[in-house]
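Consider the two complexes below, in which chain A is the common component and chain B and chain C are the respective partners.
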Partner chain A sequence: MDEQLSYLGVPLIRPRVGFFELSSCEGCQLQLLNNEATLLDFLNLVEIVNFREGMSERGDTYDIAFVEGSVTRKDEIARLTEIRKNAKILVALGSCACFGGVNQLKNRFRDPDWVKKEVYGDFPIETMEAHPLADFVQVDLSIFGCPIKKEEVERIVTDLVVGKTVHHPEYPVCMECKANENICLFELGEPCLGPVTRAGCDAWCTSNRRGCWGCRGPAEAANLKQLEEIMHTYGFDRETILDRLECFGGFASFADTIRAQAKKSPARRKKS
Partner chain B sequence: MIFKVFKKQELARLHALLAVNIIVGPVSKGNDRNGKPLYDFDVVYDFSDLALDYTQTVHSPKRFVLPYQETLSTFAVSRDGWEKHVDLNVYRPLVFFGMHACDINALNKLDLVLAQSTYPNPYYMGKRKNLFIIGLDCNPEPQCFCRSMGTDSAIHGFDLFLTDLGGKYFAEILSATSFDLLSQITCQDPSAKDLARYKHVTSEKSKHYTASVDTSDLTKILDLEFESAAWDYWGKKCLSCGTCANVCPTCYCYGVAEQVDLDLQHAGKTRSLHSCNLIDFAKVAGGHNFRPQSASRLKYRYYHKHRGFVEAFEESLCVGCGRCGAACLADITPPEVIASVRGKE
Partner chain C sequence: MKLSCEVNVHHLTRVEGHGNISISIKNGVVKKAQWQVVETPRFFEAMLVGKHWENAPYICGRICGICSIGHTLASIRAVENAFGITPSAQTANLRLLLKHMETLQSHILHLYFLAAPDFLGAGSVLPLAKSHPEVVQRALRLKLLANDACDIIGGRRLHPTRTVVGGFTMLPEKGELEKIRQRLLASVPDLLASAELFKTFAIPDFSRETEFVSLKGDTSYPFIGGGLVSTDGVLKKERDYRAMTNEYCAEGFTSKLSKLSRASFAVGALARLNNNFTLLHATAREISKFLGLLPVNHNPYMANVAQLVECVQVTLDSVRLIDTLLGAPWQEPRQPVQAKKGEGVGAVEVPRGILYHYYKFDSRGKVIKADCVIPTSQNHANILRDIEALASQYARTGKKDREIELLAEMLVRAYDPCISCSVH
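Moving on, here comes the complex of A and B:
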């Protein structure tokens, strides 16, 4: 680690950062450690004081807290509140932290006790519905994705260190998908949330011929009504679109609207 | 112009002669969900990979002269200053083997802005000047309205243009390089029979157009219909996804971003093609967005193509290839949009 960080001779503060996880697979943090080619540069840019997945030392003096995972237990609320108190900047890392992620799928069931029983059997465990961090604390920055795209985190951290404004793409995945010269998956007969999902992943899934599941949440001008029309035109039923909209939680409000409409006009449920 | 004819099997020899360069041409990309064949431009290593009977490529040849994303410069940063490195990203000449007239005309239109303006774009020029283009005639697809835009035949902007006469190719020679090239294969001057056949082929092509756009007085009509309800109708459908601009052979709007590398010792400047349909297209410093509504963004896309560009260059920026409409999931097509603005549903 260099003595003093600087850019163009201007001294920079090396932020003390902590990585934390609530209910999650810790895959987002693993993404950061996975990037071996740039890992040393990344470690030089920040002073990590807490990173359970990567080191043994623990410290509570940090400027930036990256929190992965959703809140599914009461003790996690207390922990999150403590992290918020310690941190100047709190970053929601990944879809679980931003929207509840895959964990919030359980919220979609009517009977939470049944879900608990299915998953844990008779094992005694305290668990509630899954929440994004913002339901309990102020989130200063969201990093979307399941998992996060490491290149994007590196760009964001660099921007934070040099003092640049952090920008997320406002347009949907289609933009990056076309720039990768992919053939539209709808034309190949597969459903996709690319037209409404926030870009920034460089069309990771669709470039590998997997339709988008919307892990990064809605783009700024997401036209869900039109997407519903398109799904219908291409022969996908309402449940297919809902499966995807409900998967990561970013589209929860849109999914609720569609479900409410479905109650009013159940005929559209079936394939025409 | 010089005309020649040569037997079809000579084309493989032509390919072999050009193969010292990178050859880009239409290749098959499988079928869509309805079994319709799909094509795209790609680097071709084997003559048999060329799909010369292609209908239309999904994406335009634009990226070979105007990549979706291009590093304009990189910087080596030190404590005392910085050093700038510029690479125009031109490595070897590129041979386009089988480009349809619409795409040739599209490059000519891009030239008006990027090559013939007061400040030519060196990144574009470097690639454009290193193209050798073999044009190829085509049969109109349902989405094609090139005839309406006057771009159904190419007058310039290619080296060689081939028309399939059955057993032979009819060749229009437009450059010394292509003349020299043809002298290395077996060619003849066209006979009266060849000319008759050529005229027959072109008149047959005319019969196959199904889509059209009425361009008469279009600049004025667009001015008069600035407040038309048609814009709102299409705006409601628009996904603001930028697909139309990305598949368009002439859309050239872009954004430039600077990024400091993770090691704080390097930085770069990248140009990315943008689209006027994207929500942040008209967002300026301070956060104000001049076009927050998708209807207004869509309208200005048509204004640029069919009004602003015509007033500046006396021709439209649209070549009528119909890719935007074919690629649009919301089925927004120029013939329908323009007809609706004209009040013809």
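Moving on, here comes the complex of A and C:
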């Protein structure tokens, strides 16, 4: 694994890479180990200096830090700040890091104490609202998805290593779904955020006849008003749209708008 | 001889999530032996409140990045039990097959990537790719097979897409299942080679009498639903899971803890095997004997061996399931769902032990209450007791700090803890 790599005859430096996790399921990191067929090739491309979930050795100097998870406790702000200091490039890995992910679903309750009590009763437990990384540090690159798609990560890491600019698709999942020749899920009676969600997953869920829940956040110029009309046409109510828009945090502002329209969402709890 | 030792492991590596070990021995006397869980809580049980039932499996599958399939299936089972839905035989077989393939991929990940480096004197699997290339290639082959099968049946290996209340959104191609069947049969030599490899590993000589809790199989080695059993003779119904788990909070743990007949109990592959040994496939039983694992075994390090035995079990049982599925024409993938007021429990044996999801719904099918009891949270108190016993056993031997540290790390790793899952 130590041979000199080159690209078009130009020698490449294997970047030192660290993987870190804040509040998360750690599934995005595991997706990298789920790259069985290409794992050894991938490992050849980078020098992993920190990957707590997979190795005991730890190093604190790295070129690229991949950070999974959202910030939900004060000590995670300090950890994240430290990682930012050590890294040349900080990558938000997965929807929790990019948008808060499913963790931010607890933010929709007005009373944070109720949230704590519902799970821990009177036992004291420290937490705060779930935040994406960018609320505290500069994020150089975002890799969307819950989970991230391993092929996309490999492509992005390869681009980083050879010094290419990383571009995300601007069009929505709908485009990829059509290219895969799927029957439109609306026609099958399944609600879907494919028309407004950023592509790049190759219509992962919709190709499996599961409607898109928007884990990758909005596409450029996503037309939410039109989505609402489509949903309405096919007989889906506001709650069905909201469930999907608020699930991963990427559509947080749109979800807020819909909640405001509904004036008093049943999901919001008042202080008792 | 100096009989003092200081071990402080902050954020133990090669486990899922964040936990700390600290041991302090002074002149042969254990002053401190701790297992702490410092993971940030995520509040899934609160998140679900007010949500429509279809959100539950979709969101709760995301509690865990390793056993997302198990969480999804436990969640679906709880919803179906609440609504009085019985899955079709086809759905039940496909779910069990999917479950088996997750068990295989998770166990292989743990055995080869997380546990084996300790026995082979490495810090991770990375140097093993050089020193033991055939071992790493074998692990990757087995894991790839299991993950490919999860893709084909569940739509995705992590956070499955096709698994829904009522069945599946779509079915696999029969030709794809046939290919998986052939690959499963071809993987048997790899599993036997794995058994030969683990036979050479020096399993630490340590044992502490423990109560083991799992599902109780009737006619087959259990994975999805059924009665609950403990080696201390406790028997409960699935819906009475609370009386089996008795969750409580304690200082030093952001996870909840559990107890039953004693101060702690253990769940996982070793518990399943201890309670259901006679229901193993004959070949799996032979391999268990070959590796010196007979019930009831109280050495927590043998959990690694139990996982290997289960890899054989699920591989052979998957072949049987695929034969059954291929032997009949495909039925409708999904049955209609009618929500109703009520509550339901789903108990599923996920790789790290028995997992329970519970939901209570109002008449519109909205979640009023959610409760998830995770295998690793059930194991935490037992891990703590084991570390205390381990420290006492070795306090008198004058082992070096690093040796005790490694034994303690290996002990925690043997439980294959999913800490972030336990603090969901």
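Everything below uses one rule, namely that the second predicted complex is superposed on the first by the 258 of 272 C-alpha atoms of A that agree within 3 Å, B and C clash if a C-alpha of one lies under 4 Å from a C-alpha of the other, contacts with A are read in each partner's own complex, and residues count from 1 in each chain.
Following the convention adopted for this analysis, a contact is a pair of C-beta atoms (placed from the backbone, for glycine too) under 8 Å apart; a residue touches a chain by one contact, two chains touch by 3 or more.
All figures in this text were calculated on a predicted structure; none of them were measured in a lab.
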**Prompt:** Can A:Glu118 be said to touch chain B (first), chain C (second), both, or neither?
**Reply:** second
**Asked** Of the two partner chains, chain B (first) and chain C (second), which one does A:Asn223 touch, if any: first, second, both, or neither?
**Response** first
**Prompt:** Which holds for A:Phe186: it touches chain B only (first), chain C only (second), both, or neither?
**Reply:** first
**Item:** First, second, both or neither for A:Tyr171, with chain B first and chain C second
**Value:** first
**Message:** For A:Ala78, using the defined touch cut-off, is the partner it touches chain B, chain C, both, or neither? Pick first, second, both or neither.
**Reply:** neither
**Prompt:** With the two structures laid over each other on chain A, which partner does A:Leu8 touch: chain B (first), chain C (second), both, or neither?
**Reply:** first
**Asked** Just chain B (first), just chain C (second), both, or neither: which does A:Glu53 touch?
**Response** second
**Prompt:** Given the touch rule stated above, what does A:Glu239 touch, chain B (first), chain C (second), both, or neither?
**Reply:** second
**Prompt:** So which positions on chain A get touched by both chain B and chain C?
**Reply:** none
**Request:** Enumerate the contact residues on chain B facing chain A in the complex.
**Result:** 29-30, 32-33, 38, 40, 58-59, 63, 68-69, 77-82, 236-243, 246-247, 259-264, 272-273, 275, 278-280, 294, 327, 329-330
**Complete:** Contacts from chain A onto chain B in the complex sit at residues 5-9, 12, 38, 41-42, 44-45, 154-155, 157-159, 161-162, 164, 170-172, 174-175, 178-179, 181, 183-184, 186-189, 194-196, 219-221, 223, 225-227, 229-230, 234
**Fill in**
Per the touch rule, the chain A residues reaching chain C in their complex are 1, 21-31, 33-34, 36-37, 39-40, 43, 48, 51-58, 72-73, 76, 101-103, 105-106, 109, 114-116, 118-121, 123, 125, 127, 130, 146-147, 204-205, 208-210, 213, 239-240, 243, 247, 266-267, 269
**Of all residues in chain C, those that touch chain A in their complex** = 11, 13-17, 40-47, 49-52, 54-55, 58-59, 62-66, 68, 109, 113-114, 117, 123-126, 129-130, 136, 140-141, 143-144, 147, 155-159, 161-162, 164, 169-170, 249, 254, 366, 420-421
